[in-house]
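For reference, the structures are reproduced in the following blocks.
Presented sequentially are two complexes of chain A, the first with chain B as partner and the second with chain C.
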Partner chain A sequence: MSEVLDLPTTRQEGWRWADMATLEAAATSAPASPAIDPKTLFLDTLDGPRLTFIDGIFEPAHSRPGPVQVTAIGEATEHPLGRRAAGEGWLLSLDKGAAVPGIQIVHVGSGGENHVPARIELGEDATASVTETFAGSGWANRLTQIVLARGSRLMRSVRLLQTDGFVSIRDEATVAQAASLVSVFLGAGGMGSRIDGEIRLAGEGAYGEMGGALLTRGSQKQEAAVVLRHAEPDGTSRQVWRAVAADMSTASLAARAEVARDAQRTDGEQSLRGLLLNRSATVNLKPELEIFADDVKCAHGATVGELDERALFYLQSRGLPPARARALLTHAFVGDALDRIGEEAVREAFAADADTWLEEAL
Partner chain B sequence: MATKNAEALAAANKKYEWGFSSEVEQDFAPKGLSEDTVRFISAKKGEPEWMLDWRLKAFRLWQTMEAPDWAKLDIPPIDYQDAYYYAEPKKKPELKSLDELDPEIRRTYAKLGIPIEEQKVLAGVEGARKVAVDAVFDSVSVATTFRKELEEAGVIFLSISEAIKQHPDLVKKWLGKVVPQRDNYFATLNCAVFSDGTFVYVPKGVRCPMELSTYFRINAENTGQFERTLIVADEGAYVSYLEGCTAPMRDENQLHAAVVELVALDDAEIKYSTVQNWYPGDENGKGGIYNFVTKRALCQGRNSKVSWTQVETGSAITWKYPSCVLNGENSVGEFYSVAVTNNRQQADTGTKMIHNGKNSRSTIISKGISAGRSDNTYRGLVRVGPNAENVRNFTQCDSLLLGDRCGAHTVPYIEVKNPSAQIEHEATTSKISDDQLFYAMQRGLDQEAAVALIVNGFAKEVLKELPMEFAVEAQKLLAISLEGSVG
Partner chain C sequence: MLKIENLHAEIDGKEILKGLSLEVNAGEVHAIMGPNGAGKSTLGYVLGGRPGYEVTAGSVTFAGKDLLDMEADERAAAGLFLGFQYPVEIPGISNVQFLREALNAQRKARGEGPVSGADFLKLARSQADLLGMNQEMLKRPVNVGFSGGEKKRNEMVQMGILGPKFAILDETDSGLDIDALKAVGEGINRIMRAPDKAVLLITHYQRLLDYVQPDKVHVLADGRIVKSGGPELAVDLEREGYAEVAA
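Up next, the complex of A and B:
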């Protein structure tokens, strides 16, 4: 790669926990032929539209896009990573009242950098659910812009299963009156990651949720930095994040809820919890509130620690071996975040990915 | 020089809003900041060579640094060359009687419940000090009594300039050890040009016989805009120190950049309380002090403990994070804070608890109250090092919003590298409910008294940590700061 990457630095407050070194290494890694069959990454129980991107390029052989269009997306963003994702991507645009469940998008990388923009526009009262899976290696950079019209509902689930490299995600969403957006992320691969999100609740009574679980081990660093912005009254937001860090790894969660001047009767809740499995692992948390309205209910809770000794003892007293007891408690810990996924098949698949990770790490 | 002095005097008088025709005895360093200014200050104080070198090193460092911009503050650009960095401690303009005092200030004194004689001391009424001393303490010279008592106990309590001359080894050993010269922009500036401050050394096993607050309050001198405080508590020592005053402090210096360093060795305990009520500017945000303070404690020894308590009601801009570096095993850090902002005030304040020692514990209780068009931010860091086993931290940040034009923000950072740590953080944001107000008012309180009552209840956990005599005044101070914010 010839161009010099103009990346944010950890001296910038919003990027102080970011792992730009891994990103840079992934971006310049040599391409290898992907050994992954994209087919194995789709959930068979869902029969909705399917799209496959290999190294950021649409692969029709493993796709059946249905209502999803593959087209150039040219929306501007100022986000330092998101703005790199321009050109051909995918677009889901639904009319009033339409419903498309079970959309699956699989991204396989083989090294080097790849950028894909995406746009989701739901008309009034439309509903959709989109599940994305990242596998392979290299630097996968994504920008997803979401516009939800009045009363529409979007369920978005993203799992990061790359064996190495880096995945950066930038979500920018606007949620209109009484519309609802739920985004859940699972980082259970070996890559570094940065999940960056900004959800704007721009209509009365809008609902926004962004959360997930980051599981890290080795010397991996994963990070989420999300903002939920209440611009109008009566909005509700939830940010439920869980981090599990093993070995020398670092998991960082920064979640901010902002309440604008006139967004009265906002109900915002943040729950950030970290679990350290080893001594040398690190969990960073930053539950941030920025409030300009006086009639709001905003609470955040953050805890870091190890598994509860008493709970472990209890399970062992019921006959569970220590390793099993630890796995069960950790499973429940991660489950808090993954339970927000609406579709059962997706939820189970995500939970299985988390369990595989836990079995290997514990 | 003569013209410069005249010009300086004119400037100083102009900024004194009450227009005293006073004989202010000033000895200014020329306007602006250069190596010469630093040399001038050092020479003026008759400092030894090593101190001058230390200052110059800091000054050169400062020139290469940039002001921090991460705080949620809107700081107008500061022209560091358009300020005076040295003025001899000046006599306060003397008043013939309290009647000459600005009625606004007098009203505040009365509300705070400060005794008349003490009011005179604070206001600088002619011949007041002696009277105040007699009236309050029934002795000829309270200062001498205190000094004697402290000397008997072996406590060194001096201005930092005196300490540099009399106890150079102690000062050399600890100055800049807690807050290094290159720590941050404002601290480095302070290192270069600090005017004066306090040095306290409590020797092994000594429990300081009095709250240093008591002494300080009577003898409060204007220590200038770049205050430097260093408190060392040797093994097993205890000291309680209070800085500031509930009475409103007017000062012509807009920029205040103080540095406070505390060192607690084995089994030592330091309790540091601050009541800050600098001029906050008028209701439109005009004027007011910028308060950029670096405060840090080093809990170096086993079982050492440092407790910060602060009541922040003044200043146009507050940038302040009293912190504890908990290196000692079983060391304890505490931070109790009430920050009130009204009108156009901005406060970005909080703490850092750096846990490096085994079994170290910390508690953070922060209460932010915002009213008017102000912004009040809690910013804190709890960090647990990989070798710090069994660390416990509990953090609670509560915000109270009065009115719908103000902002309350919470920015806690938690960085943990040891699995045995237990870190908890809780935060809430609320307003005074109509039910609460109605209840208090139907019991016969007027609206302002009702708000004061509720606010004091909100801040109770922090106020109870203050030395007793100040807790009462601090309560009243909260009420005064919030005047006119409701209704």
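Up next, the complex of A and C:
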């Protein structure tokens, strides 16, 4: 099947934890009519532009795109999954100083494969926030290219809530001088996933962040594979990822930070932590730092463990039932990553999704 | 209220409690004193229901029920409170969230309705004030960055909020300066001195007993109560040492 789809294989180092079997099964799954009402996937508290894609096709009935355009996106990428996302997609292009908060994009799949490209271009000092939600089934494949001009700011939050199938995300971002990109991902559905990203801090004092939480159970596999490149001085980056794995599942985090020779006074932080809810689950962590500048601060840590028995007993001794005590501690563990979301309504919605997952898994 | 008979308990196959018997009635405060390694903390954990502490013989009855048959959270809902010698730090969960959930979980287990957020905050603030704990600390993650004394005050604030029938306080006096000791002692009297409540104070030193007058004092040595008496026994212990008194 790989021959037909021409997909990467797990023999390639960058794809060794990728769940290609689930991706292929999702791609060839028979479409069924989606039982999900897209309306239920929008956060009511945000009144910004809304776009709905059903099986990768724009659905005007459940959309009010505002300044977001639905159009052909023609940018090229070499990425083996990202390059499949060509043709019609969405474009957010903001002029200097413009501000569009509360953009929501909902993707519902019913089976088979669907591909949507997207492009976000923020002019100088423009600001935007975009929240994307994936639901349903099938293989949803996305390429999002992000270009942030000087002083612009983008908050991007993505939650993967498909019941099954596979979601692959490829982000390619360039962040100019004093601009800021914060991307937070939550994998809290039953699908397989690959969150794949590359952020280039291409101007002095740029800020880049890509992190999130992957929650896996059953025989599910989710992974994130991200690279942050510091090309210019005085940049700041954060990679805060949390993985929680139950049952026979696997959550994998590969995060890499690169600091070029000229990127002096870089301030980087990389924190990868895994929590095993059962001994039969797996968390893979691969932290990487590659530093060519000499005046650099790069904090990093990678740990995998289980819930602290002492803390569990402490909570239980105050009256919390064991399942609730485990959920609270796990919630707190995941909280580090989700707290990076700037908008309160989005942060709370993501935390609630994580809680729903925890209640089902524990 | 609490009746322990011939209790034997072990950790990792090593017997720590070797036939301990003790009865505490409603309205009483008992102190258990003893040298390091006597089994004082083990007794607290066994009564609290900590996993890993295996009871091999004996029985514990609490308010007419078999305590050993209950999970730790069920014991709490039944009115038992264990004050920890080393309260655990829990990053990412605020004191307020933790205690409100705990209180409402206990109430639910007892078939009572939940306490509203506003009512809970009022209760938490008044208890923090009475214990001299900074209000800000209620919002902070449980015990994270607290000094030893602040952790012990927080245990007492928790006890005040949860309102147990029976408190087992494991070395609540350790790590306290004199002001904190006084505040904690007053807290124990205020919260637990009532005809329908009782306290088991586990302590190494006599100094907390200056503030909380025990009705009975027991000496625990090598997993058994070797001597019992009135408050004067604590004074004798302090003066003569465990070896002398327990011999």
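Please note the rule applied: the second predicted complex is superposed on the first by the 359 of 362 C-alpha atoms of A that agree within 3 Å, B and C clash if a C-alpha of one lies under 4 Å from a C-alpha of the other, contacts with A are read in each partner's own complex, and residues count from 1 in each chain.
To be clear about the criterion, a residue touches a chain if its C-beta (ideal position, glycine included) is under 8 Å from a C-beta of that chain, and two chains touch if they have at least 3 such contacts.
Note that this is a predicted model, so its numbers are computed, not measured.
Taken together through their common chain A, the two structures put chain B and chain C side by side without a clash. Once the two complexes are overlaid on the shared chain, A:309 sits against chain C while remaining clear of chain B. Set against each other, chain B and chain C differ in how many residues of chain A they touch, and the higher count belongs to B. Contact with chain B, but none with chain C, is seen for A:291 once the two complexes are overlaid on the shared chain. Put simply, if you stand at the Cα centre of chain A and look at the Cα centres of chain B and chain C, the angle between them is 80 degrees to the nearest 10. Contacts of A:328 after superposition: chain C is touched, whereas chain B is not reached.
Using the contact criterion defined above for the overlaid structures, shared-chain residue A:320 touches chain C, although it does not reach chain B.
In the superposition on chain A, A:300 makes contact with chain B only, not with chain C.
By the touch criterion defined above, A:360 lies against neither chain B nor chain C after alignment on the C-alpha atoms of chain A. Look at A:261: by the touch rule set out above, it reaches chain B but stays clear of chain C.
By the touch criterion defined above, A:95 lies against neither chain B nor chain C after alignment on the C-alpha atoms of chain A. Closest contact between chain B and chain C, by C-alpha atoms in the overlaid model: 15 Å. Note for the complex: chain A touches chain B at residues 13, 261-262, 264, 274, 276-306. Residues 70, 72, 384, 386, 399, 401-429, 431 of chain B are the ones touching chain A in the complex. For chain C in complex with chain A, the residues that touch the partner chain are 48-52, 71-73, 75-77, 82, 84, 87-88, 90-93, 98-99, 101-103, 105-106, 109, 141, 158, 162. Those residues of chain A that touch chain C in the shared complex are 308-311, 313-322, 324-325, 328-329, 331-333, 335-336.
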